[in-house]
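Both complexes shown next keep chain A, but they swap its partner, so chain B is in the first and chain C is in the second.
Up next is the complex of A and B:
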């Protein structure tokens, strides 16, 4: 695809999992695709959730439609995105304070939705998952799993690009181009250069999650969305091997998910004003709730180091005045604005969940294809994502921890990472085993402009040291690859600021200790504050 | 077991105090956990580098403007210069030749190429007389595969000061062994290889190939852990060398820690490495004895005790969900009561938690339940009242409070 062209069949706004999945589906059906993301891919709700491959059990009692969608997609993703999935299975536990009678309701609902649900003895649950609260009085085993949203999104984007799509991050859509009741394209600003650009397409798909309501407003269209903030805590190591849920009606902090080297407890659910969704901060009260409830799932959490707190915003479509947002359907909302609002060439795909992104993409793409008179079937349910092809594990003998770790992260795509020279093999992030070669690969192939991008693509700085030393090493390398050390240095300071935002709500114990060590290295030792202040002063 | 003084904590302040007391003939034991914050030292000592956001050229003079609860106030601002001279002499006797004085700061070059005010700097490391670099042109040595010296940043920060920077790449075969393992390419590991004279000679040969005699060559300090490798390398190369500290693990910091430990032991001091104080008996405002994890059955007694356990990162003070406390003896701390007040929104702000620490009276006696413990002093980073990352006074507080307490202990005898 010629990157210079401004003409496409479809423009997708939003680089979360829905946008990435839609870009892939559209590209696989032969459409000329452009995807625009304002900041980094996965910056919204995609990058700020549990990383849970729902079985659907959580919704079985209250929302059968969502539950059925979940289990179907669950089984599909295990096949097509196997390098992103960790098949852990999950437990729904009943604690003494819970109603054991709910268990039967739950199991019946699961089975009705097609979700395998096996009641097991509490003793067996303790054997299967030693970290589980030993006082449990009931347990149900269900096919939950853990999924890496960053990896999943990038795999979709990589495949979209292999099928000719163009994807641009740091491109903010400033306006829709509208003539005679039809969206003809978008105006966008390249946030790195400030350049204004205009792109045209017969169909524009709004896949911006909660921000989608703001994009729709640009076409004079109202979508009543419900920004529901969910706060989560990441712990310093993987306390549990299986997903642990509370067997009760969905409530605060009742899911603990093992993700890669760590585990995540969440979430809370609170309605927030749309104006605040760009700067979500976790409040002390939310931390208290997460800890108090989390310890009930796995008592070891009480003595486990907390790495950071974060929050995302669910893009729920409002249907009633429910103050908590929990009874709202997690169902998919695919809006054809031509029939709904008289605005041709414009589609919004929202609602849903990360779990059902593929189905959301399919619905949006089906609609776009109808508008474009393209008659080609969706193949995303059966075509593996790059990295998850058959023989997913590389035939090449892993030479080191870093090579193995990279294979875990990139699946078969790890073969593209150079490991030939000593420099390529040098370890940048020791916690996660990220080599210089992997960082170069990410910076050249995976749209990495800064440390935050790099963290999401490679896990650099996600481990227990939280980027204490590797952030500086990695920033220096990015400065080299992007030929702008000054920018990379400013980015390093920004990255530390961003990390601090997640540490501040949990700044006690080891987190505070580590924060002081980080301040010692970057402020006291290196004088990064002075370097950045001077740079700002110069401008 | 009975000592004259037992010091808890084997970092810069504990070692300084231990050495000063041993020099006076005291029988001293230091209980040291293991690695300490000296391992994060870039080879410079800071006395006072910043007051109210302004870089300081004359630290002793500027100390007059310090906040009322700053530890220097308890040492006596009038005594700073004298104590600083004593500290320098002590370092010198330990085999650490350092340049600088307390009246006038010089500027060190940080691992990312920024200038920061310093009081003393190890011989061999690059220093300049003021914040503004006097150099027209320098050559940076880049060692292939070594990523703990962020030379892109050094280059851009030097260039921002108008310095012309040339990068000279070397890949000496002698370091191939280290490069084979990704995690061995650290400054301290390389320094161990370069203890070998032949290895050093081949490094010198590589440097000579890419530089000329008229250049000033800045080189990451991955040698000179505990030997004279810096001088030996200089003798074998054509250009003038100035060394840059790397990211941790840092050779100069380890060099200082090792030299001070050796000197303390040479003076007859007992260094209980890898041990931890678990308990102590305080009665009638007097510390009677302590016990350690490894010597559970032995009561360690002394006339005086010194707490030099460092700040949060060393475990000298601990924060939990509800409070900040001193974990060994439950001493009084100065810290905001509410967790929300421990931190500020921006990471580089003057974070309140950084100034939290053990409370003392005017003569550095630790307080417990509001009363001074007569024979228990607190020194160094465990003290409240200053932020070393912002004020540039970390090593000064460590060494000068240590020496002040050593004087008080020996004068009392």
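Up next is the complex of A and C:
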């Protein structure tokens, strides 16, 4: 497809997992697709959650519909997104302070929703998961797993592009083009160049999570959404190999998920004003709650180094007949604004969970196809994502730690990473085993403009040094690829600032010492802050 | 939140305390000579995070680690990097090669060899035999096995020393190690001479097994652990029932039993550790406390260069040996810069490691040549083989030098009370 065109069948606003999944589904059904993302893909709630492949057990008692959706999608994603999924299994544990009677209610509800739930002896649970609180009095094994949202989103985008879709990040939608009660397209600004652009399509899909309520306002439409902040803590290494949940009514900090090299405890849940959602900060009180509850799941957390704290915003949607928001659903909300608000050519897909993104994409795409009179069935439940094809284990002989790590991140796509020369194989990020070859691949193929993009595509800077060793090396490479050293320097300073933002709420012990060493290296030794300030002064 | 939450941090061998400063890699002798080894930071704390995620991230390159522990000496955050690597190797056991079994079972080999020492020494020294071992076993042809003694130290001790030891008023137990027993009983005899002169009776442990360092280096951790438990049991008896502290003349055996038993093999040695010391340190401390005095032969003259073995560096004990040597009036001491000689026990005997082994030691060999001493002194027997092979300069343990330099009769008189 000619990238210069501005005519499409579908414009999707939002580069989170919902938007990426919808772009893939639409493109696979033969639609001409444009996806626009304001900042970076996965910048919103997609990149700020647990990374939990829910079995649905958590919702079984309170929301059977969500639970059923979860377990179905869980099984689908294990097949089609295998390189993004770590099949860890999970436990729901009952502690002495919990009501063991709830276990039966829970297991019955799981089974009713089609979720395998096996009650196991607490002793067996301790053997299966040695980090679990040894005082547990009950345990249920369920098919939870962990999933990497960054990989999942990129795999969807890569496949959408393979099917002809155009995806642009750093393109902010400033307005909707509306004529005679119909959305005809969008106006957008390229945030890198400042250039104003207009794109046209018969259908525009609003897939912006919580920001979707702001997009809808541009069409004069009200969607009753409640931003709910959830804070999480990342620990320095895997304490647990299985997901650990509390077997009780869902509450704060009752899920511990092993994600790649780390583990994540969360979450809290607090309503926040929509005005604050672009700059979420984790408060001390939230850290306290997460630690207090977290160490009940796995006591080792009390003496394990924390890497950083972060927070995301759930897009909770109130049903239309309840604008007060008392009956909030976590179910999928697919709004046809033509029937609901008399605004043709406009769809909002929101609510739901990362877990159910594929189903959300399917619903939105089905609706778009009806509007476009396209009759083609959804195939995303059976077609593996790029990287997850059969024989997903790459044929490439794993030569090194970095090659093995890259195969874990990119599945079969890792074969595209150069590893022929010693320079290709040289490590940029030592904590996470990211090679020069992988950085080059990501920067050329995966929409990388800056270090933050690179981090999400490759885990560069996500390890325990939080960018100390790798950030300057990666900035050097990006500076070379983009032929702009000044930009790379400013990007480096920004990236290190962003890393510090996450460390600050938990800045004690080794994390603080690490941050101090980083500051010494970059500021005192290299004068990065002064260099950047000087450049800003010149401009 | 409990009062202790996030106030203390516990991770296996402190791997989480790593600040990624990379100083360990700068001090790693292996990383300095080959790119095949990723260095201690990568092999240790970095790799550990990945191995916790999935054991498949174990990297064969970890076998290139010498276990010199110089990374641990360099680390400002007390990360036991060498121990992390040792444990990772232990947790990924592979069936050891025949060669490794032969090299690692120092006491079995020693028992067999000492009974036929002249034949064995002659045979192992022959070029065709070396060529065959090089080709079939992968033992490098440049290496000659240390000569086996025709009489074990233990046999000598029972025949010539045991009877007189009870006559002393103070006593120590002596962990002689495989090298003294099978290859170089003279060092053991020197130790008995020196300690007797100081007024101490020297006794063997009820049961002594190889400390296990070679077994650990070659993947035979279960056997190492069994032998370690036996040694600890004998030492406990020596300490608790017989009230005899234990001294040694090998820095590596000492380090293994004091530190690696706990950190790598998981043997609880807390009650033994403080009672187990290198003879040089033990004697230095006696002198320092005014408990014993030395008298030297006025005619003794020797020019000695002291080499700090890696495990001496790790324990921080080289100072005891050099200070002891400095007490000898006729001895001119040159302290060589502390660096690895490259042998690391059985490591350097392996064909695949020979080149690295010699490249690592090159700086030390050069320094010795420039110092031009009569003898090199060191507390490690495997450093001795390497330095003698690579420089031609004879190597002595400080205890042997002390035995030569002492006026034994005068010293005895000084310490009679």
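In this section, the second predicted complex is superposed on the first by the 530 of 539 C-alpha atoms of A that agree within 3 Å, B and C clash if a C-alpha of one lies under 4 Å from a C-alpha of the other, contacts with A are read in each partner's own complex, and residues count from 1 in each chain.
In the analysis below, a contact is a pair of C-beta atoms (placed from the backbone, for glycine too) under 8 Å apart; a residue touches a chain by one contact, two chains touch by 3 or more.
Remember, it's a predicted structure, so these values are computed and weren't measured experimentally.
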Practice prompt. Considering only the touch criterion stated at the top, classify A:422 as touching first (chain B), second (chain C), both, or neither.
Written response: both
Practice prompt. Considering only the touch criterion stated at the top, classify A:469 as touching first (chain B), second (chain C), both, or neither.
Written response: both
Worksheet item: Where does A:404 make contact in the superposed view: on chain B (first), on chain C (second), on both, or on neither?
Response: second
Worksheet item: For A:486, is the partner it touches chain B (first), chain C (second), both, or none of the two (neither)?
Response: first
Worksheet item: Touch check for A:508: first (chain B), second (chain C), both, or neither?
Response: both
Discussion item. Comparing chain B against chain C, which has contacts with more of the residues in chain A?
Written reply: B
Item to complete: Once the structures are superposed on A, label A:431 by its partner contacts, choosing first (chain B), second (chain C), both or neither.
Response: second
Worksheet item: So, does A:306 touch the first partner chain B, the second partner chain C, both, or neither?
Response: second
Item to complete: Quick one: classify A:236 as touching chain B (first), chain C (second), both or neither.
Response: second
Worksheet item: Just chain B (first), just chain C (second), both, or neither: which does A:477 touch?
Response: first
Discussion item. Need the overlap of the two footprints on chain A, from chain B and from chain C, as residue ranges.
Written reply: 291, 400, 422, 427, 430, 469, 508-509, 513-514, 517
Worksheet item: Can you list the residues on chain B that touch chain A in the complex?
Response: 37, 40, 42, 110-116, 144-148, 150-153, 155-157, 160, 176, 179-180, 182-183, 185, 245, 247-248, 311-313, 315, 318-321, 339-340, 342-343, 345-348, 351, 353-354, 388-390, 392, 394
Practice prompt. State the interface residues of chain A toward chain B in the complex, per the touch definition above.
Written response: 284, 291, 400, 402, 421-423, 425-428, 430, 435-436, 469, 472-473, 475-477, 479-480, 485-486, 488-489, 493, 496-497, 499-500, 504, 507-509, 512-517, 519-521, 523-531, 534-535, 538
Worksheet, complete the sentence: Per the touch rule above, chain C residues touching chain A in the complex are 1-2, 4-6, 8-11, 15-22, 35, 38, 41-42, 46-50, 52-54, 56-57, 59, 77
Item to complete: Would you mind writing out the residues of chain A in touch with chain C in their complex?
Response: 236-238, 258, 260-261, 288, 291-292, 295, 300, 302-306, 400-401, 404-405, 408, 422, 427, 430-431, 433, 463-465, 468-469, 508-510, 513-514, 517
